[in-house]
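Notes follow the structure.
Chain IDs A, B, C and D follow the sequence of writing; residue 1 opens each chain.
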Amino acid sequence: MSTHQDFLLSVEALSVSFDGFKAVDDVSLYVEPNEIRVIIGPNGAGKTTVLDLICGKTRATSGSIRFRDKELTRMSENGIVEAGVGRKFQNPSIYDDLTVFENLEISYPRGRSVLGALLFRRDRAVRERIEEIAETIYLADQLAERAEYLSHGQKQWLEIGMLLIQDPELLMLDEPVAGMSVSERRNTAELLNKIIVGRSVLVIEHDMKFVEDIAHRVTVLHQGKVLSEGSMEHVKTDPKVVEVYLGH
Amino acid sequence: MLGDYSLSDLGSIFVMQGFAGLILFSVFLLMALGLAIIFGQMGVINMAHGEFMILGAYMTYLTSKLFETYLPALFPGYFFVAMIVAFLAAALLGAMVEWALISRLYKRPLDTMLATWGLSLILQQLYRSIFGAREVGVELPPWMLGSWQITSTIEVPINGMFVMALTAVITAGVALLIYKSRLGRQVRAVVQNRVMAGAVGIDTQKVDRATFALGCGIAGIAGSAFTMVGSTGPTAGQLYIVDSFLVVVFGGAQSLIGTIASAFTISQSRSTLEFFTSGSMAQVATLIGVVVILMLRPQGLFATKVRR
Amino acid sequence: MTTKSGDARNLSRRQMLSALAATPALGFIGRPALAASAANTTGLAVTDSEVTVGILHSVTGTMAISETGSVEAEKLAIEQINSIGGVLGRKIKFVQEDGASDWPTFAEKAKKLLVNDKCAAVFGCWTSASRKAVLPVFEQYNGMLYCPTFYEGLEQSKNVIYTGQEATQQIIAGLNWVTKQKGAKSFYLLGSDYIWPRTSNKIARKHIENVLKTKVVGEEYFPLGHTQFNSVINKIKLTKPDVIYAIIVGGSNVAFYKQLKAAGIDLSKQTLLTISVTEDEIDGIGGENIAGAYACMKYFQSLDNANNKGFVSAFQKKWGDKTVIGDVTQAAYLGPWLWKLTVEKAGSFDIDKVAAASPGVEFKGAPEGYVRIHENHHLWSKTRVGRARADGQYEVIYETAELVQPDPFPKGYQ
Amino acid sequence: MKLRGDNALFRRSELLGLLAFATLILVMLPAALDIFRLNLVGKYLTYAFVTIGLVVCWGYAGILSLGQGIFFGLGGYCMAMFLKLEASSVENTKIQSTPGIPDFMDWNQLTALPWFWKPFENLGVTLAAVVLVPTLFAFIIGAAMFKRRVGGVYFAIITQAVALILTILIVGQQGYTGGINGITDLRTLKGWDIRSDGAKLTLYYIECGLLLAAIVATQLVTRSKLGRILVAMRDKEDRVRFSGYSVSSFKIFAFCFAAALAALGGAMFTLQVGFMSPSFVGIVPSIEMVIYTAVGGRSSILGSVCGALLVNFAKTRLSESFPELWLFGLGALFVVVVLSFPEGLAGVYRSSAPRLARSFVAKLRALWRTPMTRSLDHELAE
């Protein structure tokens, strides 16, 4: 195993409780650069909460989250994003009232301060980058359309595109293929395969076929604790996992 | 400033201040209860809440006149009838308002505020046109006046006790209704997930209307009770609106216990401060306190902590 | 309801006509007494048969409660004046505007009445705040305002006639009386938190401490609209003052007196003197809640004189026999009458002439009895103390022997 | 490509609207109205500053403030303090026991000018304070609230409470503030009599200039990326946060921007009306200003300005014609607008304007094709 310094993300002894209920209980997790890690587990296992904790949406009760040399538990959400962590939500989280172009533009990593946003000009570099991303996420023809009118799948892609334009070092995806039709799912898988190159990815997913396709390593959460961790093969055959999850 | 008084004086003042605080607490709670249902349970911001209270007050006035003219023998008991009339009238108006206005605005909760503000203007003018611009005096049955002498220096106002008792009964009733009854469960279901509640066979329309009417009805009773301590005029309702909202918000909108606790905190601090400073400064200090605490605990005193 | 002033074309034609008739008409007394051009040289809305005045009160908003009575009184006075031939042979026509309990609105409407409607006089305002808001307007556009409310003083203007009492008239006589009659040694001052109660209590305190040589044991103010008085009532119980001196206004009154009664303070034993509760307010408070309290002002509905009897019956005939009449309502009634008398004394509607002619104008038919306008544009009037009865009326138990001189800038009280 | 046009400050329809509006307030109204009515329009337009601010703060950023009266009032008070000091020269206040201080201070036995009045002897400082004091106050409220993620109804109610606190303080501290009467009887600005008709006209034009500048400035904000971020924030606050923006800073900016505009309106109000009173700080005017915005259209700058103009115009007309019943009309107007036109007048305009324009153009075209024959036919028929 590599030394501590080599991990992109080290989550150690992380816990959080809501009114006494321990949603995440002493979880440790190490993600290497360029690794694709999938978190699986039954409903209520604390998967989404782990992502929430990493991106700062929820504050940990105890434990530490180190991203490279930064301690995320004490940083603001936008600071975490600037450090290089991107997050996609479970339900497509895009801006309905804006066009696809504007949606992508807002995620463009420039002019993030109030003054910067005020003085931000939509120059050639910006436009080209957005068009390029739009091409990648199959939305080149919908740039001027209000995001509200996109299909569910397109909305998911748009959100992925919004992450992509940030170019994060760690990308966190919460059920990226949930609720998609078969063809959309195929496209999405293809898209994900394209974008995960050159960065670490943390994915929550239920779709086992999909998981097998992309996962380097798998972490199984159960009742807020890590139940098992390793390759898909290893996890699949772990009797503890079989009992609580795959066996059903 | 307390050095000038004898110990027994201080003792009785302490007791009477305690009662003054409790009465204020009852008043606050009573006026906030209807709002706690409408705002806390339904998320509707009813700026005409004060006007519903005043409707109750006017109904009490009318009932008293009616008894005075036709049933003078039963006058001592008219107040109970008046409260029922007040409840029914306010609830009926509430149901009508829900049907005409609120039901069209569930998707835009902040807009309910603007529409009900318009409604409050209309109601004020309506009262003015019907009852005249002057205040009306509601005559109380003699037994409600005066005070109950406990010791030579300790006296407790009877109407204050009455308000306290009434508040206790209504609070208990509301608690039962929200937490134990079928309607209460349905209301909570609708609030949490309107679509889902509809899907499992709850008539959301009916539930909404009943809830809103209930909240307004309670406001009517509050208004009726307030004729004992306050004034009844077309614009008197505006006096209550900010206090009511602060009590509900401060308590954590969805929690009945929160509303009770917050009414208690606000009333006790105001009543105590009023004793040591002046009325104006007491109100300012209490408001600042509430604002600061809300800043530190944006969800109010008693909101449950959940994964957001 | 808005009326138009005579338009320019009419006016010039009339001016020509009156120029022809000017010389013989001067000595002629009858209808019309004076041609419009002679009685009105400043372009006011005066024709040969009509003169337009303004009524400016709040008929909506929180102050409508109090101002309604004034509107009714002014309309009654105008109607009565018209029925006996009007002013200088002209019928009075009024334009009513709503101040909406909002001071800037008062200023806006005042300006409209003066600039647009060219009113020869305006009867209106109630609160000091509204009067302060319109005062610069009346001074700038040279209008004439008759303001009915008792107020804090510290004001005097060529363009305003104050038909209500200023603070010293109302306060000093009452304090003297209560000290003499009740042997009061200690006072508890209460008030709504704004300028009139604060200034009045300031005057009261100076008088109590410097002239009467007794003491003030407490002074408290409450925001307008305050409804919870239990804490201060406890303080009163603790300090046991000989006199509670209350200047609480509006809806707060109702709460205060009801809670006072409920707290077991018996006004037949505890002396309470107020200068802010008229019969109008008692209507809302309920007579049984305030019976026994003393009020000090210049007019009570129960005043026993022929003028007042006629006034009360005319008022109730017009506005309903349950309507009560308070001090300010009566003062508002004086406005149109005083104006009529002044205009007739001046022989002109011109504001400058009316303002100049005002001092010394006497109104013998006033319901409160004889009044006279002082040099400072306030009224000489008697001050009376009444005791509230359970039926909502005051029983007059004292009145000053002489008219009290208005003194809006009292030396030693500032 | 069509996206390029998006960089322009105004869309063509917006530019036309703005020009029409400028013509209305700069040419048509002054020509049509006497100075009294024009001064009233000037008063209505002071509220337009507030509604423009609300468009940014509420329409774009989704922050409903029920306390804009606070900033309107503070701006107005700053201006009024300067004017009052000028009106209270030793000469003008000879009859007071302490000449040279404002009359209400004298009545309240103050014998010296309080320290916080001192800076307002200087016009430059005053003008700076008009904008800075309310903006700073907004910053403090905003920072305290938005950093703690207070939002929605809670924020609205807290701003209401703050408005109430401020009103009680101003009314209660009458020796320092003029109490409930406000600061009245303001006369001159550096010797220039602001009460004269000429001054009223000049002030009206100054205000129009400022308002147009404010409209352009607001357009700059809303058309920038910042404007789009505000909209994005209103929709999906978390998404914006996790796109690397400090949401609270943007909210604070929107709130302060609205406050600064409201303050400007307040100062113009003082100048035009000649006084300032606590009745502008309170809850009722604050809610009314929100309603003007709602009536005009909460996401349209020009719409909101028209809202302020129209509601106030209706108020004046209704109350002049039906002094005892006008509240029915006003109340009904609010209810109807909220129920039927959630996007206000601007929404109605947007949905029906293209259709109207099209039919107008079609008619014009038809007329153009057969101008002679048509008019001839017409004449013959008659």
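Just a few scattered comments:
Throughout what follows, contacts are C-beta pairs under 8 Å (C-beta built on N, C-alpha and C of every residue); 3 or more make two chains touch, one makes a residue touch a chain.
Given the structure is predicted, the values throughout are model-derived calculations rather than measurements.
Of all chains in the assembly, those touching subunit C and also subunit D are B.
Taking the mean of each chain's C-alpha atoms, the chain closest to the overall C-alpha centroid is D.
Two chains share more touching C-beta pairs than any other pair, namely B-C. Note: the chain lying farthest from subunit C is A, by mean C-alpha position. Centre-to-centre separation between subunit A and subunit B, using Cα means, comes to 48 Å.
Note on chain placement: the centre of subunit B and the centre of subunit D lie 34 Å apart, centres being C-alpha means. For this pair, subunit A with subunit D, the centres built from the Cα atoms lie 44 Å apart.
Residue positions 59-60, 193, 221, 223 of subunit C each touch two or more of the other chains. In subunit A, the residues touching two or more other chains are 57.
In subunit D, the residues that reach two or more other chains under the touch definition are 168, 171-172, 324, 327. The touching residues of subunit D, when paired with subunit C in their complex, are 34, 36, 39-40, 43, 95, 97, 103-104, 106-109, 168, 171-172, 174, 179-182, 184-187, 195, 273-275, 277, 279-280, 316, 319-324, 326-327. Partner subunit B is touched in their complex by these residues of subunit C: 59-62, 64-65, 67-69, 193, 220-223, 225-228, 230-235, 237-238, 250-255, 258-259, 261-264, 280-289, 392. Residues of subunit D touching subunit B in their complex: 64, 144-145, 148-154, 156-158, 160-162, 164-165, 168-169, 171-172, 283-284, 287, 290-291, 294, 324-325, 327-328, 330-335, 338-339, 342.
Touching subunit D in their complex are the following residues of subunit B: 39, 45, 47, 101, 104-105, 108-111, 113-115, 117-122, 124-126, 128-129, 238, 242, 245-246, 249, 253, 280-281, 283-284, 287-288, 290-291, 294-296, 298. Interface residues of subunit D, counted against subunit A in their complex, comprise 2-3, 6-7, 221, 224-226, 228-229, 231-232, 234-236, 238-247, 249-250, 253.
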